[in-house]
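Naming follows writing order (A, B, C and D), and every chain is counted from residue 1.
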């Protein structure tokens, strides 16, 4: 058995922290060695500090680990961060400055010009930005982020179309799951039998991140995609899985209008990580569901162990060119799984230090 | 007390039929004199034939009425129809031919060139089409329809903007309540904790009806609005109330871009039925909710006793000009209440025969 | 028009406070003159301080009232209190000591030997306890409470059976609505598609309060009913309305087993407030639903404008004598409406000072 | 690799049929060789005939199998049956008469004196009844059943207590998931934001089956447990997982009252299948959750891959001796998994013919 990388989780008790634990326990490359949370939790056993909310049962080993305080001293060199944005703003740079690779799910630095915002299937080349970071130069540490849960499914579905046809206009209206708001998150009085047509700052993030993710890395910086976009974001009574209605105007790369078959082929043939053997990567990043009434969160969110993005209902749009529906698991593909896949990519690119004896399973 | 019109309800046992009963019992102008349903129900007491699903308790008088078979003989001259489309296609012409005013909620004849599709606040002048109908000429009977529950809230919100600014493009993505599918309707296994991104034929109906409703009556026919439109229709876990995300490109009537204030004023000042004293008409057809996170179905669907349309979140759109959210009660404003308001308008226009002694309350 | 009593609401911004406003605005006897809440809210307009959560729209007059701080100075002499228990423990005695009649929905003093815990239809005679209170003797002020939302529906249904047959054993298992936990209350991640088989201290309260309410007032104190009882309390994904499965062993008052018809008659004939004209009192306190599958929260909670208790499914029990299902609206009959009915009873008993000119509508 | 038993599924398109497929695909002992359903489906590909409703994706191999008509000719000798009761009444005897081992989940023959109703951990010895069946004598075929989904969790939790202490009285009130009603099953209008306090015939089945399962096999027949029982059955808005509130009066086997620790030990030490290596058997049939607010369907239904029964909230009962909450997965432990575990037990007891070459994987 190959040695594993010791990793730590910052913000381990929250909803995304719990998904990190579910996905990293038994991960072939990484081993959870350190869990940190707020002062309220540190010093307690994880099983007492966290209100575990997943169907996946909390492993005994984890339940018995002691929660550390959120300080770099004694932390592993690879840190998965699942912090609220304002806390991330303060803590994440401390860990990067201390030499850690901070693989963050928070929104705090996603739009920072020197911090890569990455989906491995979409824009792995943005990782070059790491070398621009002052932390990298000084301590070897750096920061990498993954997008907002609403942007990630959309962008994975759009990337193969952008490559082949170009994209000029994007319209999206979301129906987002409650787990995206964390715990306690959305009060049940707000969402049971109801829709909330608003999520604070979500539309702005979704629009900015989408264009950045589809942008090019050129001369030490990222040039966002030059397309126009409009997002409507809504919360619905779904536990996990964001559903998004999308209309797009394609670009002129093909020199003519794309056919339905060409779009389906672009999705089916989109396998940018094929051959790389990243454990978290789904075999089929974008899967098309041919049924009239799919994708649906309950039935499709777990494709590719929660890392697959499902598209469906491809049909002509009365305003733009095509419309379709996108579905992805918001706390796996849209959060913890996204960060882990980023870390796997960093391993394969040699951006994480080789595993030493000290880091191996005791 | 003024005499009341005797009315009948075709399809009285379904969800919309039940709303008709709720809204017509104690109506100042109409009195339920006849209830008809399928052969399975006819001959039974209504209370036994119908599985009553409303919070409003079934009135004893109605519970004890005997359900008639769906034949014009013995039926009143005003018929509210809440039938499935394929049954409506067969039955409604029979009643019109027998001299009844058929005020229908079904989709069967909405796009028929001689049948008016009407929202009183929006296109009352389309009622001139009645005089084109052969039934009218032969028996005095005729047919009037109201739109699909997804179109009606949208169109009420768009009409004041069309009047002042013109509308060139419409994008809409809906989150529709389960009551729109009737009873038993949507299986709970399909919708609990889920979204279904598809409602059969709904997008086609919504697009066609919207343009027709906003169209002009010219030379004996209706010219649909010449605008482009795209609808995405979804079902969500909400009992009542359709929520719709809308983006629009305004026209050139103003000669310049409309401001936010001008749009709000157009909505606030939209009172086309003011002074007409129609009992079902809401005082304020379009009400703007200033809070960030409104409208919401649970909190706003009952404005104007279910006949008000609530708009909110007016903000610039990255693709078109403006975007906002619309909410309306799908079985009141979107079905039974819509038909009753149509009937009230017909009374005020003299299109229903004067009440005779025989039609008065016994 | 008769003059109205000025009343105040302590804890006006919470879920129960909102129900107080809904039920008191347009009340024929009471007029809301004063709203108080925590320091965070005081000084603001009510419409800004409260996150209104009811389908009933917030009246403009109330929205524009300024929230007072929770101090007796300047408060009316009749106070409806909807406070969390620990705050109630501190504040309610201050108001009673200042001469106010405190009509409380909180649990803080319900089991206090000198504070009456009252349901007007059940144990109005417990109000004699008021005269035992030191506040009453010193300032004229006093305190009256209503039961927990889970106890009240049960006790209204049991009282007529206790009167005619006696009750020896009570088994109850509840399915309680989320509104009982206030706002933000139950996180949606806990209850959507789920059941929580636990509500802190609820079973203890329900058991103790039920026996006290069914007890006798004897020699200046309340003797609880001498029966045995066991409660299981659960939270389910219902907005409003507590459903309770009940099994009971009747007593020996009848000298023989009671028949189903005798139980139904006891419920049907239970009208202890008949003739008293209390505005909040339902015409039929206990209504039997004959259908197999009733009562249900969505369909039955609003009977008697939310003050009726619905029973159904009366059938023999394999362990005790009879079993049935009880349903009542938890924030109307089980909270705000209960307190208002208590206040109405106090008026009719002359326990509230006569309305003076100063207290009348300005 | 050992050869596998070819098996068939009767009623393969329904909710329980789908769970059979999920649990049997990749089963180490069994291989799905034949799928049958109603005439409407037979002749079609399974993927077209069934409306797949599980999060587990439908395997391609199964999707492409042709659905057979429900006739014994050509069917394997081991049949898992997931039929509605009235159809089961007609079809299951035909398969038994044709020499098949019919392992049924239907209620049709559960209380038949010669048909064993079995939970392997509870009453394996009831399988002796097989030898009493005329089909067995004539063709070698026979019938075995598993209990109703509401009875099974309860009985697994009660069995270790019955063994050590005896049980004299059982009170249970259920909150049952919608998947128990199949598909389309419960209309969403009935259950969203609601509780239905009634499931047809469920209380009767639950009471009768519980006492039979806990009964002894004596002289060619089953003597039901001589205890008194009362069940209240309710439907709630939960996808999967039945939650049950239980109160019990223990018997006199111990000669004194059992302590809380003794009850916990009885559950913890209950491992009747230990050492038998049945693939479907959970390591820990009854698991105690120590948290105040557990078990909960969303968090606990998947313990032991859906075959574990979780108990919690053990506390004294005011009426009987003890009360607690039980949770089990209704379509795995309570249906398809129960039948498969029965079949595994039959294999281990030699009641299924040895696998021949013809039955092996092609």
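In this section, a contact is a pair of C-beta atoms (placed from the backbone, for glycine too) under 8 Å apart; a residue touches a chain by one contact, two chains touch by 3 or more.
Computed from a predicted structure; not experimentally measured.
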item: Chain D and chain C - chains in contact with each; value: A, B
item: Chain pair with more C-beta contacts, A-D versus A-C; value: A-C
item: Chain centre separation in whole Å, for chain D relative to chain A (CA means); value: 40
item: Between chain C and chain A, distance of the C-alpha-averaged centres to the nearest whole Å; value: 48
item: Where chain B touches two or more other chains at once, by residue number; value: 53, 190, 192-193, 237, 239, 298-299
item: Residues of chain C defined as touching chain D within the complex; value: 169-171, 173, 175, 190, 193-198, 200, 207, 228-232, 234, 236-239, 243, 245, 247, 292-299, 312-313, 317-320, 323, 325
item: Footprint of chain B on chain C - complex, ascending; value: 52-57, 192-193, 239, 298-299, 301-303
item: Chain C residues touching chain A - in the complex, by the definition given at the top; value: 15, 53, 178-179, 183-193, 237, 239
